[in-house]
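Handing you this structure, nothing more for now.
Naming follows writing order (A, B, C and D), and every chain is counted from residue 1.
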Amino acid sequence: MKRGFIVWSVLCCFFLSFGFAKGAFAKSKIIIGFTVSQTGKLNAESKEQFNGMELWKDYVNKHGGIYVKNLHKRLPVEFRYYDDESSKDRVQQLYVRLINQDGADFLISPYSSGLTASSAIIAEQYGKVMLATGAASDGIFSKGYTHIFQIYTPASRYLTGALDLLKARDPKAKKVAIIFEQSNFAKAVASAAKNYAEKKGFKVVIFESYGKGTTDFTSFLNKIAEKKPDAIIGGGHFADGETFAKQIFEQRLKVKLVSLLVAPAVPKFAEIGNAALYVTAPSQWEPRAKFTKSTAKRLGLPWFGVSANWFIKKYSKLYGETPGYHAAGGFAAGLVLQKAIEDAGCLKSSKVIRALENMDLMTFYGRIKFDKGDYYGRQVGHEMVYLQWQKKDSKLEKEVIWPRGAESAKLIYPYYKKF
Amino acid sequence: MILNVENVTKKFGGLVAVDHVSFQVKKQEILGIIGPNGAGKTTLFNVISGVYYPEEGKIFFNGRDITKVPSYKRARLGIARTHQIVKPLNELTVLENVMVGACFGKTGASLKQGMAIAGEVLDAVGLGHKRDVITVKLNVPEKKRLELARALASGPEVILLDEVLAGLNPTEADEMLQVILKIKESGITILMIEHLMHAIMKISDKIIVLDHGRKISEGSPQEVASDPKVIEAYLGDPDLALRLIKSKGNTL
Amino acid sequence: MEAWIGAILSGILLGLVYGLAAMGLNLIWGVINVINLSHGAFIALGMFSAYFLFHFAGLNPFIAVALVLIIGLIIGMGAYFVALHRVLDAPELSTLLSTYSLSLIIIGLGTFIFTTNPRAIDIGLGSIGVAGIYIPISKILTGLFSVLFTVILYLFLYKTWTGKAIRAVSMNKSAAEFMGVNSIFILSLSFGIGIALAMIAGCLIAAIFPFTILSGSVYELKSFVICVLGGLGSPLGALIGGLILGLLENVFALKIPVGYIPFIEFMILVIILLVKPTGLITKR
Amino acid sequence: MKRGYTLIWLIPLILAISLLPVIAHSVIYRETIFLILMYITLAVSLNIILGYTGYVSFGHIVFYGIGGYTSFYLMYRFGVHLILAMIMGGILSAIIALIVGEAVLRLRGAIFAIATIGINEAIKSLVTNLQFLGGATGMFFNFKIYKTYGGAAKAIWFAYWIMVVVTIICLLTSYFIKNSKFGYGLFSIREDEDAAVVLGVNTKRFKSIAFAISAFFPGLVGAIFFFKAGNIEPDDAFHLVKSIEMIFMVMLGGFGTVSGPPIGALLYERLKGILLINPLFKNLHMAITGFILLIIILFAPGGIVGWFRNRFKKLRSLLE
């Protein structure tokens, strides 16, 4: 009997270790849950996105919070977040926790399509609205989800611009190498780019992927040296993209255009110096490509939130660097959620979803509008720009070079001009 | 003939460990196998028990060709053995060790039967009081007896004993000899490798002598002991060997 | 043609580094008969040593490597007494797990202290080029240093008394003891040298590729393949194994999708183990 | 051998834990206990080859991945029901174990361990290249799949109950093997394979069967886990670290015992769970795990159960 007692008391201790779920209480704040890649290979981009979100939170709370009509008051915003270590391992577990234990009312996605795809499943399973920022893969929106809304221009439109740009600048360029990271996002981008390239008459001479966390690109560089493509497009995220750009430079590959995902759009990319020069990249948003109230008026759309100047100024002051598109995306996710809650007039998921469905507006980040068809929740309003790292007074600067009409500088071509 | 070894050869690379050896064993006979170190005795046992297949020659057991029959099947047919360097199942209890013999050997007992058989056999070899001890804690003589018990529990027709007497003091060795004789009386055929010369001479019905893998002599203990080839093989000096053989209790 | 020459060159340079990385594993496997599952963790530790020596002491990895050698030797010998000495005669599971637990401790502490953020050492040596084939100078230096350490190790093992004692212990521990060799010292020294080699490899790799605290595992897995390819016990075998792998990744990959390379590598590992499981292990 | 009483407390304990989420109306409990049950099944099944047979399958997670991929593909492509897909996944895992085992079970000790790592990595890189399985980025369910089970929320509960059943079957299997003739054959292989074979144990077949059984359950677990997760990709399915976690749980609880692996799994999940949500210890959990493992290897190779069995002889019949 005594033995039984010991066993059961050990058991009780064990169950206590689970902790307890929080009970319901009167709403005094809006809790937004998400994970951040504070560590790991995605930390550069994720950090920026998080900074953007933090800035939005400060902005909203300074105005007393988000106005919720059916409660007749403004509710301040509170963040609950964990570090996902840039790894999918624990993302689902953490989102379950955010929803059930931390009582998150709304969710924002982690950074990257891979992590978002995992967390989206949890958001769906528990019926929580999730704003997906830093997640461009189209695939996420073909799964029959009804709670996920995308802020970024989807992956299928990422690198098509690079091909248009190449064709416009040098009609003779024909051979393209597509080398991309084995991630949801890069794969989606690359597959779309390949189709587009073939449709536009390019020859895709290399179409290969590299593993996450690859640090040695020599095998691919050898292949490039052998096949002699005119352009290299691809990449994945920051860490690998930066290394790839650096190694292309080290081997002095004679290519005419290098267009990589994500990495060049992050301000930190400048740290590789000359290797960064003339690299181009698609970008969701650039400080030099401004959307204003007058743009909104011209397109007949409502304007919401802060101005680009305000955002750039505040962000630079707070974090000591010019914001890149990840930061803007983070801020925009907050804005969109805020607008949707205000439009819905309550915190109920179904009402907020209705508001998101009907949304079509202009922000400093660009236009926001969601797909209501087969790719429910996918971003259809927002457009991308292209940037290139150029030298201005011996300082590396990002310039917008595409699309026509939005350029802040002309494309410098070919890439190997710098050798 | 319960066991018939015909012209068996086993090579390891260039080394011929067993070289065209033939012999026969009658039921309920004790066959002693002697020879200097490295003569191929243990290899011969390994070939008979199926650890190795011979390159040449055939082995018949109860008239059946078992040359290519795998080891475990030979055990089930009724060939059991002990090892020169004991191979106890260390983390199991003594009883469990013997049960494995009973369950998987010719006896093919169920676990329950196996336990009963193992208990009896352990009593017979004088290890009954240690049945629940973890084997690793036994001393060497006890482990030797355990190996014997394990082989016996499998209900063999032929049992191969590889130096069961080595490392035992004279009293223990005598006890062991009594056990071996008892085994013979119960109708089991015994092949034994032994260095303890007086013991094997006393107990064997027939002896074969191996040297460099070849059988150099065969016959009754007396015939073998007086065969000069044997004595030469042993020491190169016939006189010395003879003296040693005659002086009881010395090991060679 | 240029592409092929370039690929062969970079394959050789990479192969030399792989060979050096595998040498430590090879030595420990050969001498102590322990498969050191903390190999990758020590490679990562070598990378971080290089990183900190570079950023805080201003030493570039090719100079820091001497310090790393000494650090590695001390840590390795210490680790032997902490984690291995007690279980050397236990079943192989014990040594596998005790070295693995070392790896967990190192990587765990490393993650705690350094996080898993990627890092890089840029010593800015630039590239050198002939006839359109450009190779980063740091890569060339890394290759040369790998050769240098192989030669040193070879001379040590074959020309010095201690080295001969190590080889004696690897062949027959009790016979060596009988000859007056202090086998405990030799075993710990061998482990120390093995760890030092792993850390040196890490230090050199850090000069050419970016890394995180988790990067070691990639090189550890490659080292297994190399050890099995090149046979155990000789530094030369590891170097040859490394070269095979380096050329496979660079030259072979010109003609097949790069994605299949790891598959080929691990199939080589499994197949060699199946075909010559004892041959490769009992070579010593 | 006297049958012990291990099952008398073990099965009720597992059932009690399994019912907890229902009693407490807590999804958080369910998530945690799902993981515990999953770990228990993985550890118990690994123990059959590792603890009973003495073969260190270091890449054992490969069977979890194979089961996961097989069933996921069946559900994703052909809409096969979870239970059927899971069984197929388990069976395929077992069959592959038989085939692979035929080759690698000839190897012993550390070489076998390295070979299993090689197999896991080889299969992982193969799957990474197979486009019909989604390549490196794997496959995602369309949420319509969950409609069969009454929506996503119900599907998770369904997966949970399946996991409970699988866990209990796995524990019973482990118990009956341990107390069977087959089990004794395995122990004799573990202790001395050469001795076992001349004692009449068909070691080759025994090893293969043990390997197949210990591959079958991870196959089932993989199927359930990835059904619940909604997606599968090579990095998750063939994650070598999970393999090592499995070994850790077995060693922590007690190598070769019936009750050890479940206890080890339970403790490990809790340890990990508590450490991981603590910002300070989040990154230290690996170091702490490593430290505990080292202590076990050096000072208590029998694990918790082994230690108790040695210490309190009276508990032996309760702790098998």
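The rule is simple: a contact is a pair of C-beta atoms (placed from the backbone, for glycine too) under 8 Å apart; a residue touches a chain by one contact, two chains touch by 3 or more.
Keep in mind it's a predicted model, so treat the numbers as computed, not measured.
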{"item": "Intersection of contact partners for chain A and chain B", "value": "D"}
{"item": "Most contacted chain pair (by C-beta pair count)", "value": "C-D"}
{"item": "Most distant chain from chain B by Cα centroid", "value": "A"}
{"item": "Most central chain, judged by mean C-alpha position against the global CA mean", "value": "D"}
{"item": "Rounded Å distance, chain B centre to chain D centre (Cα mean)", "value": "43"}
{"item": "Euclidean distance of C-alpha centroids - chain A vs chain D, Å", "value": "37"}
{"item": "Distance from chain C to chain A - Cα centre to Cα centre, in angstrom", "value": "38"}
{"item": "Chain C and chain D, separation of their C-alpha mean positions in angstrom", "value": "32"}
{"item": "Residue numbers of chain C (touch at least two other chains)", "value": "111, 115, 257, 259, 262"}
{"item": "Multi-chain contact residues (two or more partners), chain D", "value": "128, 136, 283"}
{"item": "Interface hub residues of chain A, defined as touching at least two other chains", "value": "39, 182, 209, 211"}
{"item": "Arrangement of touching chains [line / ring / star / complete / other]", "value": "other"}
{"item": "Pairs of chains found to touch, sorted by chain label", "value": "A-C, A-D, B-D, C-D"}
{"item": "Of chain A, residues touching chain D in the complex", "value": "3, 7, 11, 14-15, 17-19, 21, 39, 82-83, 88-90, 92-93, 96-97, 100-101, 114, 117-118, 121, 124-127, 139-140, 142-145, 182-184, 187, 209, 211-212"}
{"item": "Of all residues in chain B, those that touch chain D in their complex", "value": "49-51, 70-76, 80-81, 83, 87-92, 96, 99-101, 103-106, 110-111, 114-115, 150, 154"}
{"item": "In the complex with chain C, residue positions of chain D that touch it", "value": "50, 54, 56, 58, 103-104, 106-107, 109-111, 113-115, 117-119, 121-122, 125-126, 128-129, 136, 240, 244, 247, 251, 283-291, 293-294, 297-298, 301"}
{"item": "Of chain C, residues touching chain A in the complex", "value": "2-4, 6-7, 10, 14, 111, 115-118, 120, 122, 127, 129, 132, 134-136, 209-212, 214-215, 218, 249-251, 253-254, 257-259, 261-262"}
{"item": "List of chain C residues in touch with chain D within their complex", "value": "35, 82-83, 86-87, 90-98, 100-109, 111-112, 115, 217, 221, 224-225, 228, 257, 259-260, 262-263, 266-267, 269-270, 273-274, 277, 281"}
